[in-house]
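Here you go, one structure.
Labels run A, B, C, D, E and F following the written order; every chain starts at residue 1.
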């Protein structure tokens, strides 16, 4: 299904690697990460769909220092890229990610600097806040982010996927909130987002306090993922199809939906309704309503409807 | 099980259609909506149980302009009606509802008035707020509201049912968050309430961003509905039985329970406990506690216990 | 599996009954509650694990006046006990608990004092607040609390278990939110915590408004419990094993995890992340990170790692 | 300064009494309240300015049952009246208001109905909520409300003025939080709004707990009022002038300012900024910015600038 | 004005020192603190008025370890004491208080225990939370607390007075937020309450960041205190008179007022109104409304009205 | 008092202009802004004190496009600059600032781009959010920021100063919330922060709705500024002295104080206390407490105490 056109065919990178006018139809990049990135491979497998791959397969996509910085740059660009309407995140190689790269990060984590405990603390706080931002950018990105997990998703991987909007996995996937095993309370998102992502608090607590593995079936029945696929190929095809469905719809509607769903999570229903009404003061003044309504009445596919960029 | 006594047997309507002293035992109204309503048929199928039917079967119960206004009037009256202790909502005809009546509503939605974009926005906001109120009245009504869904429940239908307290459906029911298909972020409750109604955030996002259908089995496993019945007759019988169980209990206990469950949804546990204690300052001073306790000790059914009206 | 060493072998009680230096390896106490308690039997079945048994088996562990007070004392001591890292709660005899002991409590509940309705209300509020504290102490205790339910868990029992961190049950267990049957809105935690503990709001409302029983399978599929065991022996063995896993990990990591999971429940994601970063300013300065990381690298079990007391 | 044209010259009342096209230039209505009102006299003393007078001078503008209902009707109409951009509230006769009309209200307040204390409580809550709404409508009205106080402002009068946006008074004015004198905690706004209206918490508490009078000078220095005038004529002239200044400005800017100031009071700065940005998505798309900017550059008065109605 | 009857005339202490039936008419206690307290002298200078004196005059009422514990015990007892309706706090000797007793507290503050920085932190948090409680009990006490300050009020003294309801001072009083001078951010209430107690944020920040002294005049104009008296005798007479005014009013009204004023501080206006209505469901059912209304109509002093105890 | 050493003596700029090791003792920069800035002049008039001058005197320090960007860069650098402990902001030339530079900004504000009203709105929101950040960086900067205002402070100037911690002004200063005059609701901070900065809500509303000028005396009595100086020289000397006082104190204490004061503003007292205790878990482990306590006991000035950098 996916015709592979090598990512390096893109004419230029840096500031504009995402806004390439030629649609790059690939879900995988065989040679390695996309410059200027060293840990991420970014491609455009279908129109308006951006694919971000964790791409250190020999290191099991472990999250090293570069990764934390590159994710922020990557998603900041995606947020601005008018040619992208939806994002798919996956992992290259044998698994989604082995989590934090302890060897690479040890200096930061185990030997924070400072003249006394308070000054060490001050630096620790800045560091943690910076790492939190790495996954919060996914949430702040107005385009929906699908994540497709195969094999292991450990530690920082769980922090990452809970910040995404839609979670898919393969039958062989497993998830592990690992932090308690290395003497930490998970501090870059899992403890904050996991309880708002799945419905069983007893399960959340068990996972976070015992660091036990959770396999695909329990991930599905508990609601962590909304679909399980037999293998990675099927999952990537499914993810791309779902991404295509989203990309075909009005970006005004889609991005407003994501943003208000996140707002609702953190507010009362009454606050959410008020914000929604204020949001739609302008957003209902879009041509997209008329275009979409017309497509519905004419029973045409939305994929044939042309919406302005956003 | 349900002896059908035509709704029109009610002696008078308007202000007092709900407080009829004769118990009207019907779950369906064959001839049409209950004046002064044109889109709703209201009846009393069992003591203390009010049945509100969406009743434009030829139009698939599509929500037209009249509907939005009538729901508010209807539930405001129910809130005041001391003879009603529980409400059942269902749809007449082939399905629960096809959602918004685009033809009837198009003027409001597609051509809002105003001299400039800000003034159009001002009018849009008032309109959206008014429509939001249509479903918020269900939540504000202190009596529990059960909703029984058969066939399709589309768009505005999902907004409606998420504002109800208990959701039941038939095996052939399906649900669709439709708004994104017509260029809108759902703004009358779905985006605010659905994530607080079911436990899988990935599923909520998928439904809202792709507008895909969800069938009864997934609705049950995800927790959107708490019971699935083989067909509509079985469901209505089940709904009436459950309504009867609730109606038999102390209205002080039942309505206090609904109100505090909603309060808890929007507050921290500590805030919820404080409000509950303040609420029960007066509510524990009811005779109903003594009456109920006595029934328990004498192993009598609560259906034989007479509670004062509330 | 559990060698029974009688609780009375403990050298002294009162202030120090929990910090006994000899490890008491028992999950049950045959003779009765642990003085000074009359409703609770407290033991140490494994290192760093405290077992709290509801222990009025002849009265089906019904919650009498003494119980409400003793729970507070018991968990306050556990909170301070540096030798305890995790708690297991269970019920002695035929069932977990029949709930409130109506006979014993009737005076308080049915005949509150006061010269007028306002003064009665004032006393009611103090009483309710005091009872709420009985279960809130479980939540305030920084050590994780597992609860293992067999047979019936009725009324106050549901209030109790929703305040625990991890819920397990036997195949024959059932749960009942009973309060509405005796004319009350549940006011010591169920209405506040149950909706944040399981993902289906429709189910929560149904349980609270109809007082119907929920059996083990539905408790599992709805997420109320995260594991179901065939019988009580298997469950207690499973609970002890899980408790052992938690007790083996860094108490700085474990208790910080519990505390931040509870904080997150009641705050937005952004607030939760900020608090977490502030919390870890000091907590990441623990030796436990180094010790744990070393164990991971040396592939040693954490059970062989010695962490300082907390 | 104020040419008195009798309010009765208005061609018709009811639905349209506010939208009279002829500007009614009067600040006082000598004959009595404006039908259909019995306690309020409504007039249009200047273009786009609505004057609402508490008008039961023989009863010292005491708040009787009719008053609580009429205020809601009056401000609901004002909210919809596109010819009104600002409101001035004052009292007819010797003083602003003596507060609640104990004689007229005694039935409601002293003998609430209900079969037991819980059912009485239920009715009390509905009553209090209804009375709270009487002053909350002032806050919900998007047009700024100035209140001009002369003589006494007692009890319910303080609840009323704290819901207004700008407070002015005469040198002989005094204010009294009276409720504690009749055995009540003030429940229709004073305890909620007064602490957010003036800066000294010690003073707020003193006033509310002792019911002592506060005179104009302390009202000014504490910030309750922002201006003091020597007498009522000067105050009404000043109020009309200030109202004229506000009425001359863009209604999009003015009403957005009021609404966001109230939003900010009840939210964190970050929440307020987010809401403001969302609000201005549409509101900055008004022609009024261009018109206003042009007037500024041409150094013309805004009174000569014609803004579309809102 | 104040007839001095020595506090030691009270028949018994301990559990019942507050509920003495003979009215103790004294504002000062010449010999020293009231057993079992070593830092506080408690007396009853007028009916229903409790006077709590900081009483280590030779140590300038510096806050030593005993003080932090005794304040909690003292206010817990006052909260339960039905004979007390209002509290006055003042300082014995030359000044109100010199703040924390650095010598006595140094061990706790400068040498917290723990095997690593995280475990030290754990103990620090418990300590700070315990000290915070010392002043929070004033706020939790439902009876209004007036504080009368003469001379210096330094460091912990400011934490204390901001937790009181009404602040009075002498002309020679001065206030100093001292913590920044000893390397601390004030953590037992000043930084949390001072900004909600006075209206000028610039002043709050200046005081907290520079530790400069603020004298009586600025304390009055900024709203920290609501009254300034020429000397201590005049202030104590004024405080007693104000306390008498409060004590004469319905305790249902007075304590409900305090509680709702504090609730309002921490909630939006809408939340505050909702809580108030729920609170008054029961509280308006008091006889005190009728008794108070009757006194008003008969123009009798409330001091002659007998209200039941609360 | 201020020896003028020209800012250009600093060896290098850009990344390191702030961390110059030679103390630059100047409060004014005669030649113009500090490269790379074109609208700001940055200097170090005393040890650990950074002076940021709005520096477009010929344009009355009007805020042009460059200004909005440079403020963010400038304060981001200051946040990281360990040699800076306190900041003073002032305006060069005749006045503090004339506010927004309408000519330079007109394109952005009056002609936002987009294919329909929704897409214009999307761009407007990003723009407003970016401008909000310009002043929020002042608040996020952990070092206290004093602002010294002379002459006019108009429009955006008020947004700026309300984000500062301490406000000072000259006798000839005046303030004007100008936005309503150009058809806008002030959206970069004034409506959100002004009501939390001064105590009189009536005054806030009057200023924001009428755009009238407020002079120094009212600014002082209302609490907007905490000190008024006769002229600019006196004010700058006073500002520098106050900055020196703050710079001499422990940076751990000072910056923790600022951060917690801001946290408290946006949270309940209970939340603020909890955060404070968590913050001080690490911060009380600083050497600065011991150093400061020692200085106090030895009655030495803190200016002689050497604290480690933060």
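What we mean here is this: contacts are C-beta pairs under 8 Å (C-beta built on N, C-alpha and C of every residue); 3 or more make two chains touch, one makes a residue touch a chain.
The chain lineup, named per UniProt: A, B, C, D, E, F = Delta(3,5)-Delta(2,4)-dienoyl-CoA isomerase, mitochondrial.
All of these numbers come straight from a predicted model, not from anything done at the bench.
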| item | value |
| --- | --- |
| Equivalent interface to B-D, taken from A-F, B-C or E-F so that over half of the residue contact pairs match | A-F |
| Interface numbering overlap (same over half, different under half) for subunit C and subunit E | same |
| CA centroid of subunit A to CA centroid of subunit D, Å | 50 |
| Distance from subunit C to subunit A - Cα centre to Cα centre, in angstrom | 36 |
| Centre-to-centre distance between subunit E and subunit A (centres being mean Cα positions), rounded to whole Å | 52 |
| Residues of subunit C whose C-beta touches two or more other chains | 117, 120-122, 196, 198-200, 221-223, 252, 265, 278-279, 281-286, 288 |
| Sites on subunit B touched by subunit D in the complex | 115-122, 252, 282-288, 308-310 |
| Interface residues, subunit B side, partner subunit C - complex | 144, 165-167, 196-200, 221-227, 242, 245-246, 249-250, 252-254, 256-261, 264-265, 268-270, 272-273, 276-286, 288-293, 296-297, 302 |
| Contact set on subunit D toward subunit E in their complex | 102, 106, 109-110, 112, 117, 120-122, 124-125, 128-129, 132, 136, 139, 179-189, 191-193, 195-196, 198-206, 208-212, 221-223, 265-267 |
| Residues of subunit F that touch subunit C when the two form their complex | 275, 278-279, 281-283, 285 |
